[in-house]
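Note that the chains are named A, B, C and D in the order they appear, and that numbering of residues resets to 1 at the start of each chain.
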Amino acid sequence: GCAAAPEEGESGAESVDYKACAVSDEGSWNDKSFNEAAYAGLTKAEDELGVEIADAESASADDFEPNLSNMIDANCDIIFAVGFNLIDAVNAAAVANPDNHFVTIDGYVADESTTNLKPIIYSMNESSYLAGYLAAAYSTTKVIGTYGGLQIDAVTDFMTGYYYGAKAYETETGTPVTVLGWDPTAATGQFTDGFGDSEGAKNISAGQIASDADVIYPVAGGLFSATSEAINESGKDVVFLGVDQDVAVTSPEYADQVLTSVLKKMTDAVYDVIEEQVGGATFDATPYVGTLENGGTGLADFGTFDDKVSDEIKAKLEELTAGIIDGSIDPLS
Amino acid sequence: MTAVISTPVVHTVTEIPRKWKVSIVLGVLSVVAFVLFGLLGDAREALIVFSETSDAIVLPNVPVTSKVLCIVVGILLLALAAVSFWYTVGRRTVPMWLIIAFTILFLVSLVTFTGAGSKIPVVFLISGSIALATPVIFGSLAGVIGERVGVVNIAIEGQLLAGAFVSAVVASITDSLTLGLIAALVGGALVSMVLAAFSIKYLVDQIIVGVVLNALVIGITNFFYAAVLNDNSTETNFPGTLPFLPIPVLSDIPVIGAVLFDQRITTYIMFVLVPLVWFILFKTKIGLRIRAVGEHPLAADTVGINVNRTRFWTVSIAGTIAGLGGAALTLGSVGAFVREMSAGQGFIALACVILGRWNPWLAALAALLFGFSKNFRIFAGQTGADIPPDLIAMVPYLVTLVAVAGLVGRVVGPAAAGKPYVKQ
Amino acid sequence: MTDPTPDTLVKPALDPDDQAPSRWTVALRDIVSGSPLRTFLAIVLAFVVGAVLIVLTNEDFLESVGYIFSRPSDAISAAVSAVSEGYGALFRGSILNLEGNSFAQVVRPLTETLRLATPLIVAGLGIGLSFRVGMFNIGGQGQLLFGAGFAGFVSFQLHLPFPLHLLVAVIAGIGGAAAYGALVGFLKARTGANEVIVTIMLNYIAFYLLTYLMRTPVMQDPTAGGTPKTPAPDVSAQLPLLFGDSFALNWGFVLVIAATVFFWWLMERSTLGYRFRAVGLNPNAALTAGINVNRIYVVAMAISAGFVGIAGVTQALGRTSGFTPTVDAGIGFDAITVALLGGSSAGGVFLAGLLFGAMKAGGPSMQIADVPPELLGVVQGIIVLLIAAPPLVRAIFRLPSPSARTAGDRAKRRSAKKGGVK
Amino acid sequence: MKLELRGITKRFGALVANDHIDLTVEPGEIHCLLGENGAGKSTLMNVLYGLYRADEGEILLDDEPVRFHGPGDALAAGIGMVHQHFMLIPVFTVAENVMLGHEPTKGGVVLDLPAARQLVAEISQRFGFDIDPDDVVGDLPVGAQQRVEIIKALARDAKVLVLDEPTAVLTPQETDELMIIMKQLATAGTSIVFITHKLREVKEVADRITVMRLGKVVATASPSSSTTELASLMVGRDVDLTVDKNPPTLGAESFVVAGLTVLDSTGQRLLDDVTFTIREGEILAIAGVQGNGQTELTEAILGLRSGVKGSVTLDGKELVGASVRDSLDAGIGFVPEDRKKDGLVAEFSVAENLMLDRSVGEPFAKGMNIRFDYLEEFAQKSIKEFDIRTQGSDTLAGRLSGGNQQKVVLARELSRELRLLIASQPTRGLDVGSIEFVHERIVATRDAGIPVLIVSTELDEVLGLADRIAVMYRGKIVGIVDADASRAQLGEMMAGIHA
């Protein structure tokens, strides 16, 4: 403890008088996935735009409302409610505080007349459809798996797209493909006890591997690390697909198992909204829907697997992308 | 001091009341298995998979018709239930082997029924159950030892959590899994020592200290998780996992090899600890003293055994075992620590202590049953059996409840468990 | 002294091996006799430990420790500002927000404290009641879920006019929870099953059952899209706000005040409470005196759970939207600590509930001040641990031992000098 | 070995249980320690044994001062003790109990059970005990447990053996056997401290006698002193333990027990076909060595037990199968044998305890509300009438002395309209004054024309109170005799030999 004292008065980017705040769903910002991606938009704005930020994690659903009202009291210019579960709370807050601006990620506006609440939502089934096709094509056993962190629409949307993508491969090639962990017609599948249940995630993955799955799609936030552990334990040649962020980049320690990631580009969306506001734009409550078309969602590149994915498949994925964009392919059937 | 000696008079036993409960439960279950899984069962084929193609010795997969196998097993179950009725009619207690054999056969039937039309990966079913049971077994061993010496340990949950936390953090920071394991021992012991000190020295009710300690450990780990681990998780919460240590030759035996001889050090320790704890408790000098202290501390005191010191150290050492259970959750399974990751397994361990009648072997079996019910949820989810997943998730707890209320009921534990010993 | 031989005889009603009285006697005496001074000191001490944790995890402080010898003032000021910011935020979030722009903003934290204390108090009363009958009810979570489930079901499935609908929903919630509690009491009385384990298992069962129902038309919000969530309660079944739109505090708080008074009457003034206490303190004597101990267990667990059920009711009906299976928000477990801290008495639990409610209310603003609100969990744990161990607090603060100090003993000594009590 | 205690003082709070006690025991001597209940005998021996720490004084063994920090030290120094309340672990076998604390081992860790069995067998054989090392102690009769305790002491080669009231649980025959063993041991050089308050025993074996009263040594006597002399030394005044009572005025046979049998959960008969009747205005006393079914009998009558067969009728009303509440409502007053465990709620005030069995309805409640004013009035009346020495009606019952606790129970039980009084060990642990008071109240109840059932292990009390005496042995009534039966006859009956 004999180091020299630092000089006073260092500070970051020049600051602007704008405060952006965020309230998380149940869970922490550092979930290596959903929350983290949204939060990164905030910190990016802090670094690059010099805005002030504040955040609150919600330990339970009971915290949503106090967290939001504390943000209002803390004089936030814009408040991001990150997560589907915050819908009710943020809708109520928006109605009660017409002068504040709110953004809901994964949520929707309950009351048509609300003009201070902007939803940011994603059509994740589109990119997941590509992922499913890719997984089926990549798999040598033609058994692939998926599981969710909770059985909610925001999660099963991914899984359904994945399922039909794989089935598209099946119909196209005539090779039967088994998808473990989700059956959209019966709406039954495998889910952990929430996004923190790494033990459950590991065992579900192990079970799928034991049933010969060699590509797994964990739609469960940061729980891919548990899937990775299950892969290690099995000693088999199994890969998984990341979600939300490009896992091979954000968590490079897993890169050699990440075939690709299904991106949900919340960082950009959050940053863009703040940037617009700081730039003086009037608040625009029209929903933002991330699609393949506008690049809000999509597949990351193949990283270390680039040479293992044939050009043929890559071309096919392009073709599917175009098909989804022009509406000729429905990723939900 | 007006304690009353009231000794029941011993007479020749005339009429032992018949206790029908066990037989009736077995009877009902055997009929369920025979009719529901067998007669009304699924006629599709289930493929029983014993080995991976990559195994040294590959056993062939066995296709069976689910319904047929269930009928066969159902008949065996009916036979066992009949034997249990025969025991009851003869006023004898149904032996433990029968209950265990019945349980195993029933599970075979259940799995075969559920696996109709798909694969039954035997190794996954067994080793997954063991993996899920491991922390619970460690916890219940700690509980058994604690109650045997007279200290009720409700804080198993906290000990598991503390062990999980410190092992992940220490292993992560020092980059040494060995140090992580050692830290887990220390972490579990520390929680135990607080429990011991408060209940032995300050005479606070053991259940209350236990409950409060659980809350405190949850609070502390949550706090450090949020304040420290969260921000630089790659340095502080990325320990990796213990390597698998296959035992040469033995690990090549089909099924058994993978289940018993290709495991992590934590699992091997668990395999060794169950018999070891049993041996120490029932075959050694220190074990005799531990049990004496838990049964009748004053009597132990009168033969020169230091009751409170014995309690303190025994409970503390039991804490190291629970701490290892915590390490089994992190280093022995998924690596990183997650908030409140013990998720009630300490309480399940407590139930296993009672279900296992304060015997390490039986407690471990109870924990295995719990592990199996958790694993079954995964298996059933995968075979696409159309039982609502929320209801399947409920099964382990329902099984424990029924077992505690239905089968065990009023069992007698160590007489002095839960009572402080005060010396004049 | 323990008997040299065990009483292997089975009495009809009582578990012969359930030596609860002695254990409970000690524990309850400890809890119930908590002196205000000791409680206060325990709280102070716990906050001091909390302050240490704040400092030790504060980045500015840790940075300045690096050069503590060249400029110690940095470390000190970092420490002081971290603690004062953290606890200042706690105060701001739970008592008064002096930075507020309007009166409503200034006092809202206080009303938030009351709002969050509402379920804690009443669940704490429920758990406390079970303690006083000598049962360890860890099933707060499950009972609360049952209370919320039943109240919720009535609130959106039945459609009745305002006060009636609310009334029916409240009664349904209490009744649902009470039935669940009665089951625990029944299992204990009938099979001798350990209630700690039974209640814990029932917590899980209640959770999964409710989750399941929230995915079926019975309780599902059709707009929630697969998420297990209930529809919003009808307006006629919502607990109305107490002080208008600016404050979230609702009539649930008044309900809880009434419950507290009822609890006091029940335990201190009524014959039923008398029997509860007798069974809790010495079930053998109660049994010998003709009290049906098994029935008391069932009734007491039902009432205990009924109180916890009120917490479920306020959670379910004190909102304008539907709820999810996590509606218990940890209250079921916090209630145990509240009951312990409050000595299982009406007044004590009420105050303890307010304290914990304040901590909950202050959490978010602490978070904004960059202090993890998880800290409060540590503080709460330490408070209760210290309360549970009076000798420890006395040792830390060098308080005199109470044995020489109670009024009774002083009187005894005086009369002993005069030659005994005649 | 020679044992000497000098100036031992032991206080429990304000109570001085031992006040500067001096005591010397020569090698090979049988030294009797005589004293009433509560005189401080056990306390003194527990100090000697290292269980209690003395506040003052010292202990010398063979003239060397020793300090014991716990029983371990005392045992190592050659002191053995058979405790008044047995220190055996019921779920352990005899061998395990005997070896506990000085276990023979293989390699210092693993128990050597055969060696322990061998040791037990050897000692049993030497003294003619009939003890199987593999029996579980909890299953043994009390007499055999007593012998296990002695084996425990002998297995450690005790040079000084303390026997704390070993005869309380023995039949007269078993007592005689024990005395022979004591003499054997003394001849072999063991110093023995023998505690009892039965004068006959003292006179038979003692070499020297020390009498204690109220924590002090009041005299040293020789066995040639007369019984009355010893008794008055012990009690501190001339004793007259006879109870003043008139001949009974007998009424109807209102209480009938016929073929009462109690089974425990394992099917053992704890009570075997017990039949007797009590008439109005009559006291029937059940005599017998403790643990022969007396507890089960009273509990079965009250409805506290399951597994009861046969019939119990009071005023023609069948009570088998009725709840405790029903039995109380039928008019049974019940004084349990263990007042702390079954009679009182220690943390309740005196007043609260007085309403324990009438917590519903009149007179103590109105609706659901307790009538605190009535309760207070009732408590004051009871305190006065029963001479309960308490600071007030709000004093916690646990803070009263044993005798006053008993008076609280009596006040409660006698305040109801009774049709039968059952009192178990009504004077256990009470001082002479309280004993007289309790006896008076019991006799008064009888004289009011109520049948009374007394259970007592004190033969003096039985002989003093009873109009008729029933003797129980192993769950059976061996015989019912008149109150003028001889001690010898009763003794034989208590040992199971029919009258």
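Basically, a contact is a pair of C-beta atoms (placed from the backbone, for glycine too) under 8 Å apart; a residue touches a chain by one contact, two chains touch by 3 or more.
Since the model is a prediction, treat every value here as computed from it, not as a measurement.
With centres defined by CA atoms alone, the chain at the far end from chain A is D. Each chain gets a centre from the mean of its Cα atoms; for chain B and chain D, those two points are 44 Å apart. Once the centre of each chain is set as its mean CA position, chain A and chain D turn out to be 76 Å apart.
Centre-to-centre separation of chain A and chain B, using mean CA positions: 37 Å.
Counting partner chains per residue, chain A has residues 57, 151 touching two or more of them. For chain B, residues that reach two or more other chains under the stated contact definition are 1, 3-8, 225-226, 296, 298-299, 388, 393, 415. Residue positions 1, 3-6, 8-10, 215, 374 of chain C each touch two or more of the other chains. Taken pair by pair, the chains that touch are A-B, A-C, B-C, B-D, C-D.
By the touch criterion given at the top, residues 12, 42, 46, 49, 51-53, 70-76, 81, 83, 85-92, 96, 99-103, 105, 108-111, 139-142, 145, 152, 169, 263-270, 272, 290-293, 295-296, 307, 337-341, 402, 425, 428-429, 474-475 of chain D touch chain B in their complex.
Taken in their complex, chain A has these residues touching chain B: 28-30, 57, 151, 180-181, 183, 186, 188-191, 193, 196-204, 206-208, 210-212, 225-226, 229, 232-233, 235-236, 253.
The residues of chain A lying in touch with chain C in their complex are 1-6, 26, 54-57, 59-63, 65-67, 69-71, 73-74, 84-85, 88-89, 92, 96, 150-154, 156, 187. Chain B makes touch with chain C in their complex at residues 1, 3-8, 154, 198, 201-209, 211-213, 215-220, 222-228, 296, 298-299, 344, 347, 350-351, 354, 388, 390-391, 393-394, 397-398, 400-401, 404-406, 408-410, 412-413, 415-416, 418-420. For chain C in complex with chain A, the touching residues are 63-71, 74, 93, 97, 100, 105, 108, 112, 116, 215, 225-228, 232, 245, 248, 315, 320-324, 326-327, 329-330, 360-361, 363-365, 367-368, 373-374.
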